[in-house]
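Please find the structures below.
In the two assemblies presented below, subunit A is common to both, partnered first by subunit B and then by subunit C.
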Partner chain A sequence: MNSLLKVEDLKVQIKKNKDVTTIIKDINFSINPGETLGVVGESGCGKSITSLAIMRLLDKNAQVTGKIQFESHDILRMTQKEFRHVRGNHISLIFQEPMTSLNPLHKIGKQISEPVIRHLKMSKSDAKERTIELLNAVGIPRPNEIYNEYPYQLSGGMRQRIVIAMAMACNPRLIIADEPTTALDVTIQAQILKLLKKIAKENGTSILFITHDLGVVAEMCDRVIVMYAGQIVEEADVRTIFKQPKHPYTKGLLSSMPNMEKEYEVLDTIEGSVPMFNEMPTGCRYASRCKLAQDICFNREPDLIKANSDHKARCYFA
Partner chain B sequence: MSSMLQNFSKNKTALICMIILLFIIVVVIFSEFLPLHSPNKMNKEYRLQGPSSEFFLGTDQFGRDLFSRIISGAKISLLVGISSVIISVGIGIILGLIAGYFGKWYDSLIMRTMDILFAFPEILLALAIVAALGPGTFNTILAIGIVNIPVFTRLVRGSVLGVKNLEYIESAKSLGAKDTRILFLEILPNITAPLLVQSTLAISGAILTESALSFLGLGVQPPNPSWGGMIAESRRYMELAPGMIIWPCLAMLITIFAINLFGDALNDIFNPLRGKN
Partner chain C sequence: MGKYILKRLFSLIPIIIGISIIVFLIIHLVPGDPASIILGNNATPEAIKALNAKLGLDKPLIVQYFDWVVHLIQGNFGTSVQTDQSVLPTLINKFLVTFQLTLLSVLIGWIIAIPLGILSAVKANSVVDFILRIISMLGISIPNFAIGTLLLLILSVYFGWYPPIDYVNFWDDPISALKIFILPAITMGIVLSAGIMRMTRTSFIETLNKDFIRTARAKGNPEGTVIVGHGLRNSMIPIITIGGMQIGYLLGGAVIVEQLFSIPGIGQYILNGIYHRDFPVVQGGVLFISLIFVFVNLIVDIIYCWIDPRIKY
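Up next is the complex of A and B:
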């Protein structure tokens, strides 16, 4: 099967004055049509940078190298104008913070119908019909009235539905969801996840799902990438990640999740902290926090090694 | 929007100022239909008179009706005030949007130029421009307009910097919007509040500058009446006809006062949280 999105050797460097800091490197993954790929990792590990790189939304001082193959085109080699046609049309983005990702001064209907008019060249009345349809699809009550309301009149969960409706407006083939439920409370989270899942299934949309919540990953994803300090450290399908994690970091993440059946004095944690981007060690980036670490780990960086056909880990002991 | 109007009607200062301003504007617009003397018509037999039934506020040294001259002056003042602010707001918005949104050398170039303009005292710069272009109403408007550009450029740039990294701007980009669209339809509407307040205050500043220029003889040229010019003329006749200096000053005072309080009230309405502690 041809993959929808294929990222090869993606590397992002931020230039500040004369210092160049590598934020992410050696990012290789692909997403098949209809598949949901989860990207997990703690704050600052490069999850969001990866998604922004795919959308080409990084600041101009960021240098992006490598290859991002979307269908038959390399996103990084498209002109601004060509890519503008892709953004919002074939790939769209759902943001983390529903309270600020809608413009407070435009009506809901206008915000959703705008990309429809722009990309699908619909007339205003057709676009309105489509918008109402979308509002219905994301489970907004009274769509005809909400169409003329402003964002401040809606709650967080409702706004996130609006944001999802905007992202879906042109039937994109890939939705990048950057922590779409982090800002919402748990019951609303469940509703939004269900909604995303339903939409993906009905339209055959692929989702790149970025989160730090392993519970959400188990719920949503087919395959998972675990990122640590700007690198992919493990990649496997969702069952394998939870049942047989190979990388010590993934194991650490999983064991620091509270379990209902165990009694705790203190929750398990991973000792130490993530190295700073400007002082990355020469060896394995996780070595200083790893219980298995040997001399080789501190001296030479491990590659992403295939453990078996679909399972890769960046560790000598995997 | 409706809640904003409600806020407005609750704010008594704003309401009173608005009524005064509306009254001035209406009088100015319909002055031609009012039974007034012509502002430039001289009546030699009625020179330097006090208020009478014939001349409501008295006459000046040429026997011209002070009341109709003050209304005529109001027309000029409002014209200069509003059109010069339109010039500065228009140019300020464009420069500020470019500087704030695109950053880099655009920002440096525009803002350093603005800093240079800012370095001159307002009245001095206006004087220099009028001296270069020659006196007259249109040149006065132009000069005051140019002088006020840096204020608006800075204001717009600052507001853009505050708004441009918000997620809904990024969201608009991720939906494929062009830069021009983002600038004018996403960012600009979100910074109108400070702009509106600043514009109101700038109008009163512009009226004062115009009066100062006319006082110095570089603004509106005689015989056309302007408040500054009237005050300048009246200096020699102050003891004989104090009305000549009192009435234009009072007209200016009321207008400026009303505009400033109105601007302050607008500020309170747009920033309801400000000053409540």
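Up next is the complex of A and C:
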């Protein structure tokens, strides 16, 4: 099967004054049509940078290299104009912060119909009809009234539904959801996840689902990549990640996850801290926190090694 | 909204009373009395006394104040000691002159400043931004009479062009009026644009860093739509605030510019009144300007509500 999105050797460097810091590197993954791929990792490991790089939304001081193949085109080699046709149309983005990602001075209706009018070239009245339909689809009550309201009149959960409606407005082939539920209450979280799952299933939309929460991964994803300090350290389907994790970091993450079945439990934490981006070690980036680390781990950086056809880990002892 | 405006208008009453007392006290406590100025150095004490009695200046201050207020309420601002003309109609006339000049100045100022301010913000910290910021610094630091004199000099010496001497209103003869107003309006427009440009830059830089701007880009909007369609309105509040203050001050009469270009505006009228201790003109004029200022503020507040639906009163 041809993959929908194929990221190869993606690397993002940020220039500040004369210093160049590499934030993410050696990022390789692909998403198949209709598939939900999870990206997990602690905050600061480069998940958002990855998603913004795909959407070409990074600041001008960021240098992005590698290849981002979407259908038959390399996103990084498209002109601004060509890519504008893709953004919000074939690929759309759901941000973490529903409170700030909507324009506070535009009515809800205008914000959702904007991409519809732009990309689908609908008339104003058709766009309005489509917008009301979208509001219904994301479970907004009283869509005709909400259409004329402003974001400040809605709760966080409602706003995230609006953002989702905006993202699915043009029936995109890929939705990148960057921690879409992190800012929400637990009950609202569950509703939003259900909604995203429904969209993915009904429209066959692929989702790149970014989160730091393994529970959410188990709920949502078909396959998972685990990121650590700007690199992918493990990749496998969702069952394998939970049943047979190979990388010590993934194992650490799993054992620090609360478990419903045990009544009392002491959660493990991973000791030590993530190295700074401007002083990355020459060896394995996780070595300083790893109980299994040997000399080789400190001296030479391991590759992402295939354990079997779909399971890869960046560890000498996997 | 209507209720809010009414409430605001009522809250003006104590402000106006306060202003009237201050204006009255300042003009009456400053040394120098009109009778001796009008009658000259050789006037006899008797003549001065007689004139003072005629003008009502021999009564106690408190009585004078109440006389003035009672007349004001009846719409009577008194008559000029100097010219014997009724003050209010003259004030309105002069104000209309100032109003035309202000409008044109603000128009010129904003047309220069807002696009350049946006450019400066979009290209923040680039060479273009650097040059624009230097220009706006110059605009703020050079006094307006210097800019005005320079404009006049260049046009008259090098191009032999002089603005017309005889004043006309815009609605009587737009072309001649434009010729009269254009130089002073450019002069003031340059001064205004410096402040507006700086504010536009600051406000836009802040707005362009907001999450919803990233959302606007993520939707596939071209950069122009992102900046103007999503950024402009969100950046307007601080710009309107500065702009409103500038308009308020200008409507009070830009004395120096009016003097330089012989524009018979309200600033000149009041300044003249001060020279001649023309109490009714100065008192009425300053009160009038204060009212205009307060009124401009009210309009600015109403514009806030219109720009941002979250602002509620």
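Keep this in mind: the second predicted complex is superposed on the first by the 311 of 318 C-alpha atoms of A that agree within 3 Å, B and C clash if a C-alpha of one lies under 4 Å from a C-alpha of the other, contacts with A are read in each partner's own complex, and residues count from 1 in each chain.
Assume a residue touches a chain if its C-beta (ideal position, glycine included) is under 8 Å from a C-beta of that chain, and two chains touch if they have at least 3 such contacts.
Not measured: the values here are computed from a predicted model.
Placing subunit B and subunit C on a common subunit A by superposition gives a clash between them.
When the two complexes are overlaid on their common chain A, residue A:284 makes contact with neither subunit B nor subunit C. Once the two complexes are laid over each other on the shared chain, residue contacts for A:232 go to neither subunit B nor subunit C.
Look at A:84: by the touch rule set out above, it reaches both subunit B and subunit C.
By the document's definition of touching, of the two partners only subunit C reaches A:152; subunit B does not. In the superposed model, A:103 makes contact with both subunit B and subunit C. Contacts of A:115 after superposition: both subunit B and subunit C are touched. Subunit A residues in contact with subunit B (one complex) as well as with subunit C (other complex) are 55, 57, 84-89, 92-93, 95, 97, 100-106, 114-115, 118-119, 163, 166. Those residues of subunit A that touch subunit B in the shared complex are 55, 57, 60, 84-89, 92-93, 95-97, 100-106, 114-115, 118-119, 163, 166, 169. For subunit A in complex with subunit C, the touching residues are 55, 57, 84-89, 92-93, 95, 97, 100-106, 114-115, 118-119, 150, 152, 163, 166.
Those residues of subunit C that touch subunit A in the shared complex are 210-212, 214-222, 230, 233-234, 307-310. Per the touch definition, subunit B reaches subunit A in the complex via residues 104, 166-178, 186, 189-190.
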